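Letters A, B, C and D mark the chains in the order given here, with residues in each chain numbered from 1 onward.
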């Protein structure tokens, strides 16, 4: 580890988390780590993956592990994407650019957040790897349309529309030290009051009418909404509870995932995020039917520890753990992973 | 926050609780916080709400949230009532009057307790908002009848009869420092030995024979007793275990509520109290069939922190949290909340 | 409390336990408190009662509570017996005599233990109240027969035969400081190696052939053994896991009780011990079909705190708690307690 | 205890564990104690045995306890084997030889690990008691074949083939201080990169083609793999999750055991390891259908405390606890233990 004193190896995401806590200012730390209200869903997200049991298998030739997946027209070397978060610029001055570069260096797709401190074009240009764009449909629809088109033109391959945020949740922890946070520009927003509680499926129709890249809806937890997503004609969904930051006591994504996968029945890919901290978590998500997972906080830890390189390290660490888990479960390829991997 | 030093924001009921603990004398604190025996039911009350999972929904227009409910002939702007407690006068000299005024300022109905340190008429007159009266049917029935009539005449709109207190529970925590509590007058009681263990449904008939306001029975946990309440002809019931203060290891009110709602089948409104600390708890109670919730300890925390204003703050905080929870669950009105909100 | 400094009220069994720990030498304390091995069953005993939920009922006339029960020809004013333990003499020089006297003063039946430091006759004579005798069938059968007859002649009304002790359990905690315990005489034993692993139902037949008082088998946890007890012709059984001291991970007595009650089907009375610390625990045991409960460690705490008077206090405290629980559950008599009291 | 200061009795495996922690260097301790990743399976292994409840029985003659079992042509005086571990030489210079000698002195079968610091022949010769040999099928098959034949010639009675290690798991705890471990020779390995991820059932066929001793597969957790083991023609299996060191969140062996026993249906013996710390755990394993159990870490604790004698002490302690548990459950012989021992 470049920036870590000798003798403090960073062997797990938990190690990166501990190292990050020492580097990040408390107000930023609370912003990153905090969840909604009593952080019940935040805890459930991690616990639910942990409580799922894996079924090891023996005497299968796993000398050639192939973690590749196809997703929305892309071929990914492994099913880990970097979730959109708005905190990169709070962690390091060039955090948005470094995170995107670190993802690219590790061959991971990076989702540019609308909440980034840098314009989408600049991040996309700097990245050098595959990028998607996360969109809040803002009250100013003209601004929104222009933003989408700028993202597409700058090379974003997928438009990921956040649909679980009619409002911000009750984020007590984040609020507590908020006054210590320096104000920052949010160049991809039309203004401070950007969330639009009038958003409905008609707005998705509107986006579909002009978007030239596939649209994925982020923030689906309910099977009815998953069904509606298929009906709406989008290309995919992301099962997410906004990292436990919006509605406390919403179910963990691990609990919600199988219901949604069953309802979708293969009609579109399902991505999942929330609480992924181990390669075994990723294996479980795929076993439950996810096409890929997203990580958020883990790569922010890496960013704080070693910039772009730290982001790459985190991605590679999880990829390595995933491969070991596949080997020990006797599954040499992602295609060979199904629910029989679970106990 | 008026009385709070800068930098200590009061963002949640838990924040008010911490702030209150610093202000309130230990003997009074134990009186307020304590439950029966080992406080198992006290803990269950909060845990049971927390363990119920909510089902977020997306892409519903929730720009106009309407939390109004109709209850026993009243229209309430939101379904939060202030439960009767006898501790206001222990917290602040004019606690009873301040709490009632704070409720009114926040447009919440206030239940005047028989255990108040001030006569019911004085609280009702001082309040300026809607008030109900909580009654212990005391051994002296003539005193009891006179008290009811005084309450009615002073404007109390509903008579809330406590039926779960044939005796006080085993309140070890409250007893421990009781000798440090200053004696106080209880002007709405006929004497120190007021609880009447002979109380039966015949006494409810007797109350119904002369009461001019609707009667609600407080302290129902059993579906048979709910059925008997309908038969008796009262106007409603409050599902309550006396804030965990009477019979330890009685079920949480969240666990009891759906059984009682199912038995009542809409024949009368069901109110619930016990362990409500978040707007999400209120949403869950309504989803399970409650017409409204009561809060007790939370507004006492507010009272200790900032008098009437603190009471208002607590009410508004919970109302705000309820509205956010409604938005994130895609329910723009209370009428739109049903059990499908629950996971 | 006679021996307690002012300001330290003893309101619950837990208070007596804390006070006792300060008075009792560590080696004796470990002897009393310890269970088998990892003390899993010891913990389960208390937890299992706590986890059973009670169903409060309202508007029942409970002004006259009657806790009397009939048991093996005796009428008891309340269903609490004092279990045999061998530790009284370790706590106080005259502990066996004081405990028996304290039980009598509180009108509770006292079981004289074979492990007492004093001869059974002396305890029986000193008691002044109803006593039973707990018997280990010792390797020396002639000694055993003589002991039974001495107990009967000295007034013991019931012979309680311990059948769960083919050997002592793995009592690590008790062993740890055992070397600090002063040797003491055990006048009711034929020698140090008294437990008999050859004991079978034939030995019960043998006891029945000459005993003139009813025989109760202590230490039944299995329904088959309960059935065999009926077949053997004994007068009753005690559901017990030896206070969690014999076989660790045996079920709690609260878990075992209903299976045994169902199998017995009223053919004989069932007594239960293990983990009773609250009046609500007693109510639950009776609701599950127990005729009475036994307490062990709780009265030893009382003994250490205030001698005979402390024993009486503990008994009265539990009796009072039982009465309050009966009131809040709307059951004025023990006969009115059935499984509908449980949630 | 030879090496333990007076006053610190070693009454349980937990006592040996505490004593060992004081003697063993941190890097070695982490190597021994550590599990995979978050050590979830490591914890589950112990918890799962603990959570199984035993059913005590009474009035059975258990004066003559017979713990003998027949296993793969051997008669064992009790069903406890010593699992292969590679840590003996890290604990004490002659740890491998001392552990084998201690096992022999206690009449327990000892499994020589491929990871031992000493050649298999030397351990077998030094032991003086029955030994088995644990084999990793190494990339160098000629080396592997030669190793098997050397083991057989040196008297190993059973060949125990580890099949759950296509790779090492994510062993964060072990890695953390690994740089402090002195390099050591592993004379039974063909080189540092010995694990072979191409291993399949065909390699088992190959081993069967020349092995002259019975082959047992170690590391089966899945019923399908158990069935395949029968089909492959091996002599037995060991239900194991590698002591929680390979795939984290694999099920505990206590959870997996009954499914595998049911699938095997008596066609071959099933041994189990993982989390055995008490005689009651052994009784439970046998009740679930295991022919015998293996212990690993417990005897390493004994080794560190008192060398060969410490190993013997640990074995005898568990044997004694097993006998007490059999007595209290009314089972005088291993043949009398079936699932009816479980609650």
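The definition used in the following text is that contacts are C-beta pairs under 8 Å (C-beta built on N, C-alpha and C of every residue); 3 or more make two chains touch, one makes a residue touch a chain.
Everything numeric in this text was worked out from a predicted model, so none of it was measured.
Engineer: Which is it for copies chain B and chain C: same residues on both faces, with over half shared, or different residues?
Structural biologist: Chain B vs chain C: different; shared/all numbers falls short of half.
Engineer: On C-alpha atoms only, rotate chain A onto chain B and read off the angle in steps of 5 degrees.
Structural biologist: Going from chain A to chain B via C-alpha fit gives 90 degrees.
Engineer: List the centre-to-centre spacing of chain B and chain C in whole Å, with centres computed as mean CA coordinates.
Structural biologist: The answer is 42 Å.
Engineer: Between chain A and chain C, tell me the centre distance in angstrom, where each centre is the average of that chain's C-alpha atoms.
Structural biologist: Measuring from centre to centre gives 59 Å for this pair.
Engineer: Would you mind listing the residues of chain D that make contact with two or more other chains?
Structural biologist: Chain D, residues with two or more chain partners: not present.
Engineer: What residues on chain B touch chain C, complex-wise?
Structural biologist: Counting only chain B, the residues touching chain C are 37-38, 40, 163-164, 166-170, 172, 175-176, 197-201, 203-204, 217, 219-222, 224-225, 228, 241, 246-251.
Engineer: State the interface residues of chain A toward chain D in the complex, per the touch definition above.
Structural biologist: My answer: residues 9, 11-12, 14-15, 50, 52-63, 278-280, 284, 321, 324-325, 327-330, 343.
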